[in-house]
């Protein structure tokens, strides 16, 4: 259950209207790396975590709630950057001023002219308001949200999401010199870093968190690096040790020949029999463990989400 | 700023897993008429209302917050309906049981088999969890959200949205016999009716709320009902008085001939001179009024969204 | 079956090319509140109405047909606003003039320069023609269309659609000073008002039209208004009488506490036993009535859509 | 301007409800190769053709109008295939029968059960009605429509569209044994063939219709066929004469080596000087001709779409 | 299996940065008629062709591979046109210069200013890089790809795709005066013409390639041309002989009357008995032939895609 | 430039047709975590890396090329799983067998019946072939691709993508008992793990890779963990040391009160003056360094992508 407080988490202020920046900022309201995407991703992931991982559930819901609160900060800022647009639009019978602006003869400060140039929909669809679309008018879409029912995967997804969100705020800061907005963006950018670290700590707290999911990699195909192009550039990603795996990269310099010689990897020169068997054993052990973790956490009989009794004294 | 309470607004319970109904219920999580659509619509509309219409802002944010809370109820129900799926999936090295189910020889109760049939993504993408997509896998999309910066329009939009949401819950109730879920759906369905009535009351509280927007209808074209098809069926929508307009419908039984005779409505037989002039006057008056309403509510100088001082004692 | 007449319903004229306004006008050709959305919505709804509600079917098809005719008016206007673009593009071997325009040194009147600035696809994809996309290039999408098989819902949906379409025309009028286009837009805007009134009259002609759908609201949850945020603003939407319901709002000022005390609304302090029973009776009555209305209208045996015999003398 | 006649162009009939086939048929209502896609494509193309190619405009609008009429036939058939669904849904208070169906214990003939299995939205969103979505619930999208302002391109686009539409009807016919529907589908399939032939004849009537557009191919790169894969299969597409071009294919068997030897095609061994010059001349001639064709067809001064005077006597 | 060579197939060069043209060029990277659409279309079609039509498979995969190589050329050109943007963005702590540019007081040459104006996402999302979206930011979508499992259809689809792609390159050439880019575009445009001719030759090599698919047109409905609009313009598409069909068009000048008189085409005045029977015979023959073609090409038992043995000596 | 070899990288084989599994496998052909998404993501990222990070460019293009090769493996497997469907469809005049299957009376082995049940488009659109859509028919969409012009971000994005892709293969393996397919999926799953490790090694090889982007976190807001919900669960993500940051979490247990007391974080009790200054210095240093890295790598004057000279001896 959500509760709303009218104060923003950060004191968003705006020095003067700037529809162009308002349009850019839409990326963080309705864009692929924005606050709605983050909020909905963690919120969605939280449902699956609740039974077996109540601590992670708490963390995910807290961060989701903070992201909804950031969404509000971004929306409030956009709305303030569009000050005056709706008033001008409502002056529907008075047209001359706008047409002067449209014809390029108006003062640069005409906010309605700036709004139309920045985003036609500010002027004819949203009534000078915010909208869950990105800076090019693409409606926000749940394809931006990844939630896969496995914390070793979901938390890695979140590390990536926070990284992208942080970068977008960094870029946005270059395109305004309003110091109030700078403050707000600096706050929001930093929170992405904080969340990154929280997700990292949570991932570290899971033992057996690699590879993501349950099954181990197939030892027959794990070490190979295929040189799929003419020319070779070496680096720690194709020579030396595989990080944290106690194994070395095997560089296949001519993968076409290798595929033919091994009949498409089915007649390998080396004998992986023992390693394959070990992997199978490990897979069974991990399957049992991870599966049990979920199954034993689920109540038998009627399922009930909330236990109102226990929460009575909580805020 | 949002705050989350772990108790649901309604005590969602589920008697037994039912992936097929979980899939149907996705319509109200990530579908076009679902809770996310409602929550995001009122939340988005609220930003534009805050300065000039703080009372409507309060109402919109309250209902948005309730819809987010309903989204959580729906998500929790779906998750409980999928109990067992993730546990089965995590048993990744054990396969025989599933294949028996896949080949149709298994008991009907196999939840993983039911999940796969209901929605392939439950089994291979969401890990037996909820997802902001509809019952056919279409990702939720901000095109479902309408927010146009005018309360006489936005509130009418909301009346329609609540009507559709109510109907979907009514239909959903037919497809489960779990009495716990029935209780939950009855609660959710009823809240849509309540919101409908709240929006209706709010719309009624605005004088001059018709036509939506600012400008009056053009008297030259308002009364005509064009008979665009062969055959005529009469009803109060094309004969008698126009509701609440003090005018009668004018039935144009052959619109093709009429268009030709009037040179595409530009040479009308009647003289509308006075009425057109009256409309222009009314338009100017309304423009001034509605425009002022917005403009005078906006602060001059630096804009600040929240006034932390005044809220100190509020919860 | 449709028939096309080359004369437009309104005599669309354009004083001079204006690609920027052409782009704005795309909102009403391929945008979410445009003529295609309206036409397809009423057309789709009409199929479901035909058997049981032939009078509403006639109305819906007539308005759909008029909206298709308006789509043509909008398309014709856009095409005229882009006069010259295709001719310039076809002059494919001659480039110098355009590049002068591209480099900003050209006269403002270069239509190809204006087209490219307004909408890159005018210059490289549509060949200076109209396209079913909105002012930001988003392809028209059937998510804009709502049709739910229930006239009390569909007609309310249409009231909202007409309200939004009206507002968009009102906004568009501010961005051109071409008096011919003003005339056209005034006609189109007014027709949305007329359709609004037609749908309103049709909705009024249905007895038992509230709540939309069949089932009554659950008396246990109907009257509550939950105060989901800090601070309270009172208005007719949360105090006094619920419009047309003969009941009063019940204001729940602390919904978190209320949820806990009532165990998520399942242990209510008041006894709603009688009211719930009355509602169930009403539901059964309405179900029978509304269901019969549909069922008895459907032919048994082979279904045939048209009865060519009866229409022989119709135009 | 459109006019609607309630008789369908083809006498669509249905022997018995069949929601599964109704769902398949959605492909031709709201699918990528369906009637709406065809209608909107020709309708959109027609606007650009009107000034300079009034004969093609007439053809495109006629076929567009026929496709809208076919859309109606398809919609009517789907609606009849869903007979009974809406009646069952409206029986909202009566649930037992459906649940029996849901649990698989019901007779196969339960139409609501069949509807839900075929397409969940038939049962919970569309109210047993048609919807502009495809057989998997994807909303129709204007990306299906191609209109590029050049008849040599548009007509080829249409040949492809008609080919695909024809094939889909052919496939659909395999999945019903209702002879009435067969008749309807045979009619619709055949019309696609007819339209194909009409577009072919129209394309043939344009001299200089190859290559599509205005500019000739660059003689330096036209004849080459690059062997981009291991192994060579010869056919008339890479050896012998290029159809209708009076030139032969040049087979480049090792394009990687060729790119290196020619510094990425910039140092060609052969001298194409004369041919390049001829092409430039041809390009200028064609540009002038095609550009003039457009330009001289456009009126100077105020543009007006319809000439009501001249049409007075037309039907 | 693919192999990559770092040399481009064409020596793409760029004289100077030009973010506006970079944005236009996105149409051919991530747009509906661009290289990714072409590559994915032929690649997808190739899978279905492999068993029964290995020669066409080879052609489709070769052209797909060439289109992927062209996608790389387009991407490289866009990246070079954005030179400097990423460097400016990474100078994240230095802002003054950009804001000068944002305020319009900067030199025209500021690449970051140009990037932001051309496409906001260049500046805040892609980091001055290429992206699989079109010139208006619409993400590339597989709806652009048509693959229908029938070469007489697929090849016609490809003729249309190549026609559109050719036209877009032609248009693009008008909007840059960089001679290096002209060379590149001339190469790419010409290759579309070459592919057109290859697909044409391949289609011609299939006997019985009309109508597309398997079934013949229904003789009862094939010849009719319906005059769906007021006014008649005659041309080879509605009078005289149907191209290549040995039959003449039958012009139905009043299709509404015709539909009524023939009870929706079901009571035709002419007797088509014999022709219908002939068509049925032909259909059976063609079905058997085309079906066998597919069936006998498919291996029985275990299916294996590649035969590594036979390819040993191939490059 | 790409080159294609007809042998697959892995010897994909299929024991028997299985349209249901073919449909599931579409997730990895045209789904959000599939091979096309991976291939296009790394391919797109590579363009931006080429100038300043040629070693990472080589790695990204190699992995992209391998993913395209995996896309081919997945497509080939789907095609083989649909063996027989196209042959049945082409038998267009023969219907009885299918209808028997449609009516549920047929043997389970009917492949066309299985295809239709698994995915209606297999039977009526794709002709029994593969399609770049997911298991629910959603067309692949470039929103799945993230490329942001910064390797510290892009590589983290890739770690997440590989994690999700690995999990999907793990899930898929549960739904088939065909050992040949198991082998293929085990290969593909393992390659995702290998790529994960390659990206991890590449990220580690970048010094200063945290936080992603250029700017440091704002010290005023970095350490706070806001308790956004009722109830507190402690873990390493909100108590103790922030991983690798030499700082401790600061737990804000009542963020609403904190926001009010600090006037929305603008009046903080602690003095961060020195830390803010240090951060500014660091930001300037990093900006200079990262910006230079890009700028000095870009050639001045004409840009040319490939240097054919140097590659002459490469394969």
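As written, the chain order gives the labels A, B, C, D, E and F, with residue 1 at the start of each chain.
In this section, contacts are C-beta pairs under 8 Å (C-beta built on N, C-alpha and C of every residue); 3 or more make two chains touch, one makes a residue touch a chain.
All values derive from a computational prediction rather than experimental measurement.
Engineer: In this assembly, which chains make contact with chain B and also with chain F?
Structural biologist: Per touch definition, common to chain B and chain F: A, D.
Engineer: Taking A-C as the reference interface, which entry in B-D, A-B or B-C shares over half of its contact pairs by residue number?
Structural biologist: That interface is repeated by B-D.
Engineer: Is the contact between copies chain C and chain E built from the same residues on both sides or from different ones, judged by whether over half of the numbers are shared?
Structural biologist: The interface is built from different residue numbers on each side, given that under half of them are used by both copies.
Engineer: What is the distance in Å between the mean C-alpha positions of chain E and chain F?
Structural biologist: Using C-alpha averages as centres, the distance is 26 Å.
Engineer: Take the average of all CA coordinates in chain D, do the same for chain E, and state the distance between these two points in whole angstrom.
Structural biologist: 13
Engineer: Which residue numbers or ranges of chain E touch two or more of the other chains?
Structural biologist: 1-9, 11-12, 32-33, 61-62, 65, 69, 89, 92, 125, 127, 136-139, 141, 143, 148, 150, 167, 170, 173, 213-215, 228-231, 255-256, 259-260, 263-264, 306, 308, 311, 314
Engineer: In graph terms, nodes being chains and edges touches, is this line, ring, star, complete or other?
Structural biologist: Chain contacts: none of line, ring, star or complete; other.
Engineer: If I apply the definition of touch given earlier, which pairs of chains qualify?
Structural biologist: So, checking each combination of chains, I get A-B, A-C, A-E, A-F, B-C, B-D, B-F, C-D, C-E, D-E, D-F, E-F as the touching pairs.
Engineer: Per the contact definition, I'd like the list of chain B residues that touch chain A in the complex.
Structural biologist: Counting only chain B, the residues touching chain A are 1-9, 11-15, 30, 36, 40, 43-45, 47-48, 50, 61-62, 64-65, 68-69, 72, 75-80, 83-84, 86-94, 125-133, 139-143, 145, 147-150, 180, 213-215, 280, 283-284, 286-288, 290-295, 298, 302-306, 308, 311, 314.
Engineer: Which residues, counting only chain F, touch chain A once they are in their complex?
Structural biologist: Per the touch definition, chain F meets chain A at residues 5, 7-12, 32-33, 54-55, 58-59, 61-63, 65-66, 69, 141, 143-144, 146, 148, 150, 152-153, 156-157, 159-161, 163-164, 166-167, 170, 173, 183, 186-187, 189-191, 193-194, 196-202, 204-205, 211-215, 217-218, 220-238, 242-243, 245, 254-256, 259-260, 263-266, 311, 314-315.
Engineer: Help me check something: in the complex, which residues belonging to chain E touch chain C?
Structural biologist: Those in contact with chain C are residues 20, 23-24, 27, 31-33, 108, 134-138, 167-168, 170-177, 228-231, 255-256, 259-260, 263-264.
Engineer: Touching chain C in the complex: which residues of chain A?
Structural biologist: 1-7, 89, 92, 95-96, 98-99, 102, 104, 116, 119-121, 123-125, 127, 136-139, 306, 308, 311-312
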